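Let me begin by handing over the structure; questions about it come next.
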Amino acid sequence: MGDQSISRFPVPELDDLPEDIRDRILAVQEKTGFVPNVFLVLAHRPDEFRAFFAYYDSLMLKDTGLSKAEREMIVVATSACNQCLYCVVAHGALVRIYSKQPLLADQLAVNYRRAPLSDRQRAMLDFATLLATDSGVIADNDIEALREKGFDDESIWDIGAITAFFALSNRMANLTAMRPNDEFFNMGRIA
Amino acid sequence: MGDQSISRFPVPELDDLPEDIRDRILAVQEKTGFVPNVFLVLAHRPDEFRAFFAYYDSLMLKDTGLSKAEREMIVVATSACNQCLYCVVAHGALVRIYSKQPLLADQLAVNYRRAPLSDRQRAMLDFATLLATDSGVIADNDIEALREKGFDDESIWDIGAITAFFALSNRMANLTAMRPNDEFFNMGRIA
Amino acid sequence: MGDQSISRFPVPELDDLPEDIRDRILAVQEKTGFVPNVFLVLAHRPDEFRAFFAYYDSLMLKDTGLSKAEREMIVVATSACNQCLYCVVAHGALVRIYSKQPLLADQLAVNYRRAPLSDRQRAMLDFATLLATDSGVIADNDIEALREKGFDDESIWDIGAITAFFALSNRMANLTAMRPNDEFFNMGRIA
Amino acid sequence: MGDQSISRFPVPELDDLPEDIRDRILAVQEKTGFVPNVFLVLAHRPDEFRAFFAYYDSLMLKDTGLSKAEREMIVVATSACNQCLYCVVAHGALVRIYSKQPLLADQLAVNYRRAPLSDRQRAMLDFATLLATDSGVIADNDIEALREKGFDDESIWDIGAITAFFALSNRMANLTAMRPNDEFFNMGRIA
Amino acid sequence: MGDQSISRFPVPELDDLPEDIRDRILAVQEKTGFVPNVFLVLAHRPDEFRAFFAYYDSLMLKDTGLSKAEREMIVVATSACNQCLYCVVAHGALVRIYSKQPLLADQLAVNYRRAPLSDRQRAMLDFATLLATDSGVIADNDIEALREKGFDDESIWDIGAITAFFALSNRMANLTAMRPNDEFFNMGRIA
Amino acid sequence: MGDQSISRFPVPELDDLPEDIRDRILAVQEKTGFVPNVFLVLAHRPDEFRAFFAYYDSLMLKDTGLSKAEREMIVVATSACNQCLYCVVAHGALVRIYSKQPLLADQLAVNYRRAPLSDRQRAMLDFATLLATDSGVIADNDIEALREKGFDDESIWDIGAITAFFALSNRMANLTAMRPNDEFFNMGRIA
C-alpha cells in the first residue's frame, strides 16, 4: 500500500499554531465536523496560510454574480485539468451541496462536456479550462464570447480569478501530495 | 439543462431486440437491479453488441492472473485518460465493489498517482495509461519493466488487452454521448 | 538488426488451435494466398480472437452506407494517428485494392489533408481522427458537421465504430509489436 | 496598432482606493520610481489585492534558503512556460538586479536550458517548470531529485510555492492582458 | 476530388528559368527519368532554389560518416513527424534504393520504433526525431547518448543538420502543398 | 556555472577558413562591430555555411513586400516557439532596430498575442507560428485567411519561407548550443 500521510511536508500540531490560525481551524471543524486537510497541510507556513484563505474567502464566499454552485463548478472542472485529487474531491462535495445535483461533481470531474449544463455554464467552463491549461492564447474574442452569453465584467473576472487561484491551489496540492479527507468523498451524494 | 437522453443515436425497445440480446439484458437486469445503459445504447447494432460483450466477457470475467479489482482499476485509470464519463462512472462502481476500498475509484479517476497503490499496481497503471494515450512509443523496455514487477506474459497481455478494449469502449461512449445510469454513481460507496 | 518475430507474445501453431479458428485461418489463407499475421498473433487467445473478428466482420464487410474503400480509408488515417505499423500497412493494401487509387494509402498514412479527397471524405476523416486522438472533446456540433456533408446516422455510427474498433486493434498491434506480412507492402500498387 | 491600455478590466484611480492599498502603492512608487501596473490592475478588487500581495511578500521577500535571485529565476522560467508577458518582463528586471547577471533573464525567458546555471539551479528549474506545466505527474522521485542536489524541505516548498503562486499570477495577467510598464524592459541591463 | 496541381503557388515553365537552374533540372531529368516536383515548385524563387539545393548537396551527397541509406532514413523518420507527404514519399524511394530493404521506408514512415534497426540506428533516429519535434530540450546528455553508440562529432553534426534542413524542407512542402510525383511511390519496391 | 563556449562542436579560427568565408565574416565584423557567433559556429562546415547565408540573404535582405521589421518579427515569434535562444536574442536586436519599437522584441519573444500589432501583423504571426509548430495541418483556408488580410502570393511565400528557414536555423542553434553574443542583448534598446 502507498503512503497514507496527508502531506509530503511536516504537518503542524494544532497546539503549535498561531492563535488566529488555530481559531480558524477550530471554527471550520465546528462547522464542518472535521478539519479539511488543506488547513493542516498549509498551516506549515502561517503567513502563506493566511494569504491563501483570505484570497479564497474573497473569491468563493461572494453573494453576487456567479452562484456558489457555479463557483465550485469552475473549481472542479479546472482542478480536473490539473489532475488535482484534493480539489476535485473536496470541491466536488461542495458542488453537490450547493447545486443539489448529486451527480454533477463526478460529471464535471471526468468531462464537463458530458454534464447537463446550460449553454451559459458550458461557455463559462470552456473559458475556465482554457485559462487553466493554455492561458497564453486567451484573446479578446474569448472574453467577447462570455459577454455574448450574458456575463458582465465582474463575473468574467470571477471566472478567471477562481481559475487562477485554483491553479495555485492545485499545484500546492500536487506538490505536497495533499490527501483529501475521507469524509469529502461521500458528502452530498444522498440528495 | 442539457440533453438527458442516454445516446445521440436511436435506442431500441427491449421488445424489438433479437431474443439472445433481450435475454442477456434481462439477465443483467435481474442480477444488477437495472439495465446499464451501455446494453441499450449498443443494442442499436446487434452484431456489434454480440462481439462487444463476448470480448468484454473474455477479458473481464477471468479468474486467473490479475484480480477482478485490478482489471477494473485499469478500466478506470485509462478511461479517465480518455475523459469517458460512462466507463469511469460504471467501472468506478465495480472498483469499489471488488476492491472493497470505497475511495479508490475516485482516486484513480482523478490521478492514479495519488491513489494508495502497491509498486506493482503503480507499474501496471503506468503501462496501461501509456498504452492508452501514446501506444506507438511502447518498446521492449516497457514490457520488461512489468516483468520486473512480477507480471508474467499472460498478465501483461491482459493489462494491454483490457486497455485496448476500453480504448474502443471509451470512443463508443464519447461518440454516442452515452449517459451512465444514476445508480452507478453511488454503488459501493458505503463500505 | 532488430527482432523479426511477428509478436512479443507466444504465437500458436495452426495445429494447436481450436477447429473454428483454424478453419477461419485456412479460409483466409486460401483467399489471400497467405495468413495475415494478425490472425496468428491474436489466436494466442481464442475467445478474444473470436470476438475480435466477429466485431471486425460486422463493421468492415457491410455493403451499405460507406463504401468499402471509405471504411479502409478510416482505418489507415486513424491508425496513422496511433503509429500502428500493422494496420497502416495491411489496410493500406485494402485501400489500394478497393479504391483502385494506388497512391491513396500512402497519402493517407502520411497526411490525409494532402490526399485528393472529396469534401465529404475530408469531413469523414476530420471526425475520425478527432475521435481517435481526443474523443473526450467530441460534441454535438461535430456530429452536425457530418450531417451537413450528407452522412446519415447509420454512416456516422459506422465512422465512429470503425475508428473505435481500430483504437483497440492499434493498441493490440503496438502491445504485441505485431509485424505486418511482407506481402501487404506491395499489394495493389500496380493498378 | 493594438490596445495600449494596461488591463481589459476597469483600472481604479489612486484617489478612489482604500487607504491601505493607496499607501502601499505610493510606497512602491517612492521606492521604484513608478507604479508597476500589477498594483493598479489588481486594485480593481481590493480584497484580492491584499491577499495577493500578502502572499507575494511571504514568498518573495524571505532572507533564508533560496537567494532572492533564485526566487526570481523561478518566476521568469515558469512564467515563460505560461507565456505571461507581464511576469517575464517585470521579474526579468528583478533577475537582472539580484543576480547581477544582465543577460540571465533573457536566457531564462527563452530557454532556461541554455542559461549558464549550476547543476543545482538547473534541477530547481527542471522541477519548477514541471510543476508549472504538468503538476499531476509530480511524484516522490521528483522531490528526491531535489534533495540529492542539496535542497532541504523548506527550500523545496519554496520552489513549489513560488511556482504555484505565479501560476495564479500568470493567469491573472493573461486574463487581464496586463501590460508591463515600459520601465521594466531596460532595468538592470547595464551592469 | 481534390486539387491535383503540384503547388499552391505559381510553377514556372522550364523555358522561363535561369540557365543554371534549367540545366540542373534537365540533368536530374536525364538521370532520374522525370523531374521531381520539388525542383519545379522551388524554382519559383531562383535564389532560394540555388541555396536550397546547394545545402541539400552538401548534406546528402557525402561519402563519409553516415551511409547514404542512413541519411535518407533520417529524412523519412523526421519528415513523418512533420506529416510531410512530399519528403516521406520521395525520400522513402531513396531509402528503398540505398538500403536495398524494400520495406524499410514504410516502416520508418509509420513508426521507426517498429523498424528492424540496429541499436545505433535506433539511437540516431531517437535523437533526430527529438530535434525535429522539440529541439529546445536537447541537452548535453542527448549528445552523449549518441557518442556512446559510436557516433563521432562529424556524424552527430550530420544527423542534426539533416534533421534541421528537412525541418525547412517539410515546411516548404506543407506551405506549398507540394505533390510528390507518382513515380516515387513505387520506386525501389521490387528488390 | 555552465559552459560558456559558443558551440558544442569545434569552432574554426578565422585564419583557417576559406577566403570567401573569411571575407564575409570580416565584412560583417566591420559593419556590426563584432562577429555574430552564428558565423563562427557554422563555419565549421564551409559548404553548409555558404548555402545557409545565401538562403538567408535571399529571404531577409529583400526590399519588396514585407518590411524588414516584419521579416524579423516572424523570426522572433517562430524562434520563440522553438525555444531558440540564439535567434530570439540576435533577431530581437534586429526587430528593435528596424521597427524602432524598443519593446517589441521582448513582447514577441514571450507572447506575440500580447504585442501591439495590427490585425494584418497578427494574422501573419498566427500563420507563421502554426507553420513553425504544426505544419502538417496547414490547409487552403489558412492561406485564404492571409489573402483576406491583404497579403499577396509573394508575401505569403515570404512568411512561409522565412519560417521554414528559421526552423532549420533554430535546430542548428539548439544542436550546437549556439551562444548569442553579449552585444545582441542590449542593441537597440535605447531608442
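For clarity, chains are labelled A, B, C, D, E and F in written order, and residue numbers in each chain start from 1.
We take it that a residue touches a chain if its C-beta (ideal position, glycine included) is under 8 Å from a C-beta of that chain, and two chains touch if they have at least 3 such contacts.
All values reported here derive from a predicted model rather than from experimental measurement.
Touching chain C and chain E at once are the following chains: B, F. Of all chains, B has its CA centroid at the greatest distance from the CA centroid of chain F.
Residue numbering at the chain D/chain F interface overlaps substantially, since over half of the positions present are found in both copies.
When you average the Cα atoms of each chain and compare centres, the chain farthest from chain A turns out to be E. Centre-to-centre, using mean CA coordinates, chain B is 43 Å away from chain E.
Annotation: 23 Å between the Cα-based centres of chain B and chain C. Annotation for chain C: residues touching 2 or more other chains are 83-84, 111, 113, 136-137, 177. Pairs of chains meeting the touch criterion are A-B, A-C, A-D, A-F, B-C, B-D, B-E, C-E, C-F, D-E, D-F, E-F. Of all residues in chain A, those touching chain D in their complex are 8-10, 44-45, 47-48, 50-52, 54-55, 57-59, 82-84, 131-132, 135-138, 140, 143, 153, 157, 160-161, 163-165, 167-172, 174-177. Those residues of chain A that touch chain B in the complex are listed here as 1-4, 80, 83-85, 88-89, 102-103, 106-107, 109-111, 113-118, 122, 177, 179, 182, 185-186, 189-190. The part of chain F that touches chain A in the complex is made up of residues 111, 113. Across the complex, chain E is touched by residues 136-137, 139 of chain B.
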